[in-house]
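Per-chain numbering from 1; labels A, B, C and D assigned in written order.
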Amino acid sequence: MINVAVIGAGRIGRVHVGNLVRNRLACLKAICDTQEQAGKRLAREFGTEFSALPDEIIQNKEIDAVYICTPAHTHVDLMEAALAKDKYVFCEKPIDEDFEKAKRFVYANSARAAKIMIGFHRRFDQTHLHLRETIHSRRLGQVEQILINSRDPTMDSYDVLTFTGGIFRDMTLHDIDQALVLLGPATLTGVFARTACLVDPAFAQRGDFDNAVATFWTETGVTCTILNSRRSAFGFEQNIEVFCSNGSASLNTPTEMTFTVRDQKGTHCPAPMGHFLERYHAAYETECQAFLEAIEQGKEFPISALDGLNALRLAEAADRSARLGQPVAIET
Amino acid sequence: MINVAVIGAGRIGRVHVGNLVRNRLACLKAICDTQEQAGKRLAREFGTEFSALPDEIIQNKEIDAVYICTPAHTHVDLMEAALAKDKYVFCEKPIDEDFEKAKRFVYANSARAAKIMIGFHRRFDQTHLHLRETIHSRRLGQVEQILINSRDPTMDSYDVLTFTGGIFRDMTLHDIDQALVLLGPATLTGVFARTACLVDPAFAQRGDFDNAVATFWTETGVTCTILNSRRSAFGFEQNIEVFCSNGSASLNTPTEMTFTVRDQKGTHCPAPMGHFLERYHAAYETECQAFLEAIEQGKEFPISALDGLNALRLAEAADRSARLGQPVAIET
Amino acid sequence: MINVAVIGAGRIGRVHVGNLVRNRLACLKAICDTQEQAGKRLAREFGTEFSALPDEIIQNKEIDAVYICTPAHTHVDLMEAALAKDKYVFCEKPIDEDFEKAKRFVYANSARAAKIMIGFHRRFDQTHLHLRETIHSRRLGQVEQILINSRDPTMDSYDVLTFTGGIFRDMTLHDIDQALVLLGPATLTGVFARTACLVDPAFAQRGDFDNAVATFWTETGVTCTILNSRRSAFGFEQNIEVFCSNGSASLNTPTEMTFTVRDQKGTHCPAPMGHFLERYHAAYETECQAFLEAIEQGKEFPISALDGLNALRLAEAADRSARLGQPVAIET
Amino acid sequence: MINVAVIGAGRIGRVHVGNLVRNRLACLKAICDTQEQAGKRLAREFGTEFSALPDEIIQNKEIDAVYICTPAHTHVDLMEAALAKDKYVFCEKPIDEDFEKAKRFVYANSARAAKIMIGFHRRFDQTHLHLRETIHSRRLGQVEQILINSRDPTMDSYDVLTFTGGIFRDMTLHDIDQALVLLGPATLTGVFARTACLVDPAFAQRGDFDNAVATFWTETGVTCTILNSRRSAFGFEQNIEVFCSNGSASLNTPTEMTFTVRDQKGTHCPAPMGHFLERYHAAYETECQAFLEAIEQGKEFPISALDGLNALRLAEAADRSARLGQPVAIET
């Protein structure tokens, strides 16, 4: 049994708590949040201890692994503390809002990097895995263009969005990670991004954007274009199409039901499936299992801190490009 | 150049006139209809002669081929007259309302049968052809069940429907012909059919039905189920699915446009394409070309009078089954 | 907490055991199977008691409710014993292989009928529920034709199929129940069914069939056509389309993934989702919750013994029609 | 009757010749091509006169209108000559390879501009028209992002491509015109484009590209992203999706047939419909009709020389951006 504590009792913390409680490899020992009310409620709901002090969790020798589900700017400090106590760490993306801080942390901790797994849940989705295998098998030939379209169904509450580090580090980051999975790290060497505030002026007030289009490219001319929006009236959407020399492979958001009404106005099907929590329900479960299994079996984690850093480097560059109005070269 | 006359200036006559005028192998010599007004209008529109007397057409030595597009009960008499004058005949389905009369005609004229082609336009549709090839290639294995669903978008005017010979001889007949194309003639040996009047009491008043379900079967247990309705609020529909031992092949009605709107209520696509005239526009053209080419090149017609009789035999049996409330064996 | 025992440790028993263990309202007290090995294995896996004697379970006063997951011919006897001890009963379909026996049981126990729920899991599937609501709302007008197509991906092992009571009582029964849900009980008054053995002669050897087509009808002319096959090379399939006066509503089997490959040969998508256990995973969970919730809150069960009897009556009539080669009237 | 001559007997000239011959408003008087062989063959095929000298056509007082279907760099000179003789001009896109030359021509001829129609055939496609209406009706709210994906099925022969003016002026130009139709002229004020040669080095040798991604933007933050490739293993594709504040509208390339095979490997559908000539067959017919009808009825042409110039301005800017590696502001 692996004793686990979860730091951060927000939306995503709750997902991990649920999966840990159901997983036979884990024993959930504590939930921690500096906001006592939310933390206590979650702890009570799942019948576990509560602590308001992250340090208390980290000092607790009984605990083998911590989940870090707090705002992005706290990740690096918490990881450092946890690593110092030799704990396994599951850290939500991004590593940090600040790319330089994240870089220093990853490079300084390369010896201990094997103890960190970053949470890119889509990597555990069976359709994303199938896309990856299809592309890597080369049966469709060489990749030429990638098109990724990710849209959020409704604006998330500002309390959540305040701590995201902006649209590129929050939304685009997942799409970038998928591009890197498909193309390989250090392949994308430049980016041009364009942004706008079309949904809500609140984004502009925080120096953030609610619409973004970014095109990344490799040395050899392969491009990856990502469209993002914080508003999708028709529901959550996450699509990828990879155009290759011999064909294309694509994944689309499943609909809630395979149900069709036909009438005088045409054919009508239900909207896509909920938000990302419903869409990636099974992926989060598999991610949890992968983290615990790797610890139990002494295997390498499937997603490293370096993976997190690589994606963040590109998100950072895209953000810079959008603000400069110029293409940005990506250091590799 | 083949000199052609069209007898019958109704809806389907107009389709054939249009195709003949555009075809380089044909010269349209005359349009004939006992209803002078409609016939004259059509003749004027396409710049050809008009005659109110079918016999005048048939006696005309200049004319090589006639299209018979009149009500079903007149087909056999017109064909006999035309064959007596050694003309090529394109006859709309069914051969006749009365199966016995049709049978006597086909058997009595077997020596001259090579001069007759029956109009099953769907046989010239590229998707139907592709289905046929797929099934005959046996790459999906043995046929086990066939499901055909044909629905008319709106009730055709009563003037048209009066002369159809009822739902089985008019609508189901086309579906039966497709089943015979897929399975081979003389394979279906029994039928049970069930009918209803759900759309309009006018059908019942004429002793006809507006809804029908018929299941045909072979000696070896293969079934073919046909659903028909005179009402389809969502538009014209003609679908076939053939379930085989190693898979299934299906054809569906194309939509008018590949256009999609997505909003809060879901995904919306346009209705299917028009009525059968729009859906089978190209098939009617190819049918015309096939008729003329066979004459010009002295080849066999792709659809014989016997094909027409085979389908009518099954339609007749289905009608009998529906009226008796009992399964009916099909003579072969 | 409701103390539950599961009698029958086969494929479906395992599904219910899993759901009961995860449900907070239930406490799984015992698993019972006359086949000791299978029963003990399941009991060990889920950490519960094992009994080889159904009677032991039924005599156990601690147990509030029993799940009957044994072969169909044992259902009535087990239900009678359980009712005699005043237990709640969840009984898998069909009530019994023998319609007359099932009828006597249901009529004799009408006073205690409220303690029985029959397992028609599809009723708890969200897409089936949505179809039901859509049709009952009348927004598509009157129902005219129903088309149901259910195909099993591979032949189940003979050990399972021996006890099913044949294709109509095993497969078609679920489709019939859906038709009754859509149309209302006692609406279908006649049936004609046609069967074949095309997949494996083993079915014929047991007096069973592996292919079936049945058309049911109401007094007013509405039809319900059901296609079944024990073989579906392309995977599990369960589709319903309801044709109404103002449109149609349909449900289809979801595919395993929303993934598409396009190449020179066309567009390729994955096969449908697994077998019924994968497809109806969530429905089985909801069914379990519905059973337990009704007990806890003293509410009526959503599916009664009479529902089970109504569906069995129609399956019985379809089987009779197939064997007689004649339509069969259904007593109501 | 409008007397028409077609200058340029290549692939697209042949399309227009076919439509003119079938159109009742036109009388095709002559076909002209400096390459005698091709020109004579086409003239013979359609039974019309041939001339090897464009000037002969233009001097011919009998001719009311000319179709200019020659290489792009000859368009302006031919239009000037034709306008000088007061003829109506249908000119294929682009107005010219050289934007500055095109601009001088359009501005210098503003008084006679009403006699010119530019050939953007997609504007006459019913699905594109439906998209336009849907967006302009505002029922989906404000446009936020446009995504256009156009891919050619096979490399066109170099003889054709030599004269196109490059991927942006040849392929992207159509997509740009659609964006302008949806957004309005003079809305797009900047562009960043990225190109590559991934398909064939022959493109690079001519200073051209075979892959391109361009993002255009408006002052208010709306973006239009266009993906192009000269290679599409799965066939011709032209898709547009318009993301709006209340939903999205999209058009896709129709498949050749609505045909599906299902087997153990999944679901398989045919490839998209041919190349642009098959896909836009009806649009070219409607375009021809629109040109002739406007002349006959003295109405304004639906597409002006200024429309052609507006699209070319953006294509030119995209090309410049790709070559500079920098975003480019678009003069308006």
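Criterion: contacts are C-beta pairs under 8 Å (C-beta built on N, C-alpha and C of every residue); 3 or more make two chains touch, one makes a residue touch a chain.
Quick caveat: nothing in here was measured; it's all calculated off a predicted structure.
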{"item": "Centroid-based (C-alpha) most distant chain relative to chain A", "value": "B"}
{"item": "B-C or A-C - the one linked by more C-beta pairs in contact", "value": "B-C"}
{"item": "Cα-centroid distance, chain A relative to chain B, in whole angstrom", "value": "58"}
{"item": "Averaged-CA centre spacing for the pair chain C and chain B, given as whole angstrom", "value": "42"}
{"item": "Where chain A touches two or more other chains at once, by residue number", "value": "140, 233-234, 246-248, 262-264, 270"}
{"item": "In the complex, chain C residues that touch chain A", "value": "126-127, 130-131, 134, 140, 246-254, 256-264, 270"}
{"item": "Residues on chain C engaged by chain B in the complex (per definition of touch)", "value": "140-142, 144-145, 147, 149, 151, 192, 194-199, 211, 213, 215, 217, 220-223, 225, 227, 229, 231-234, 243-248, 325-327"}
{"item": "Interfacial residue positions of chain C with respect to chain D in the complex", "value": "233-235, 255, 262-271"}
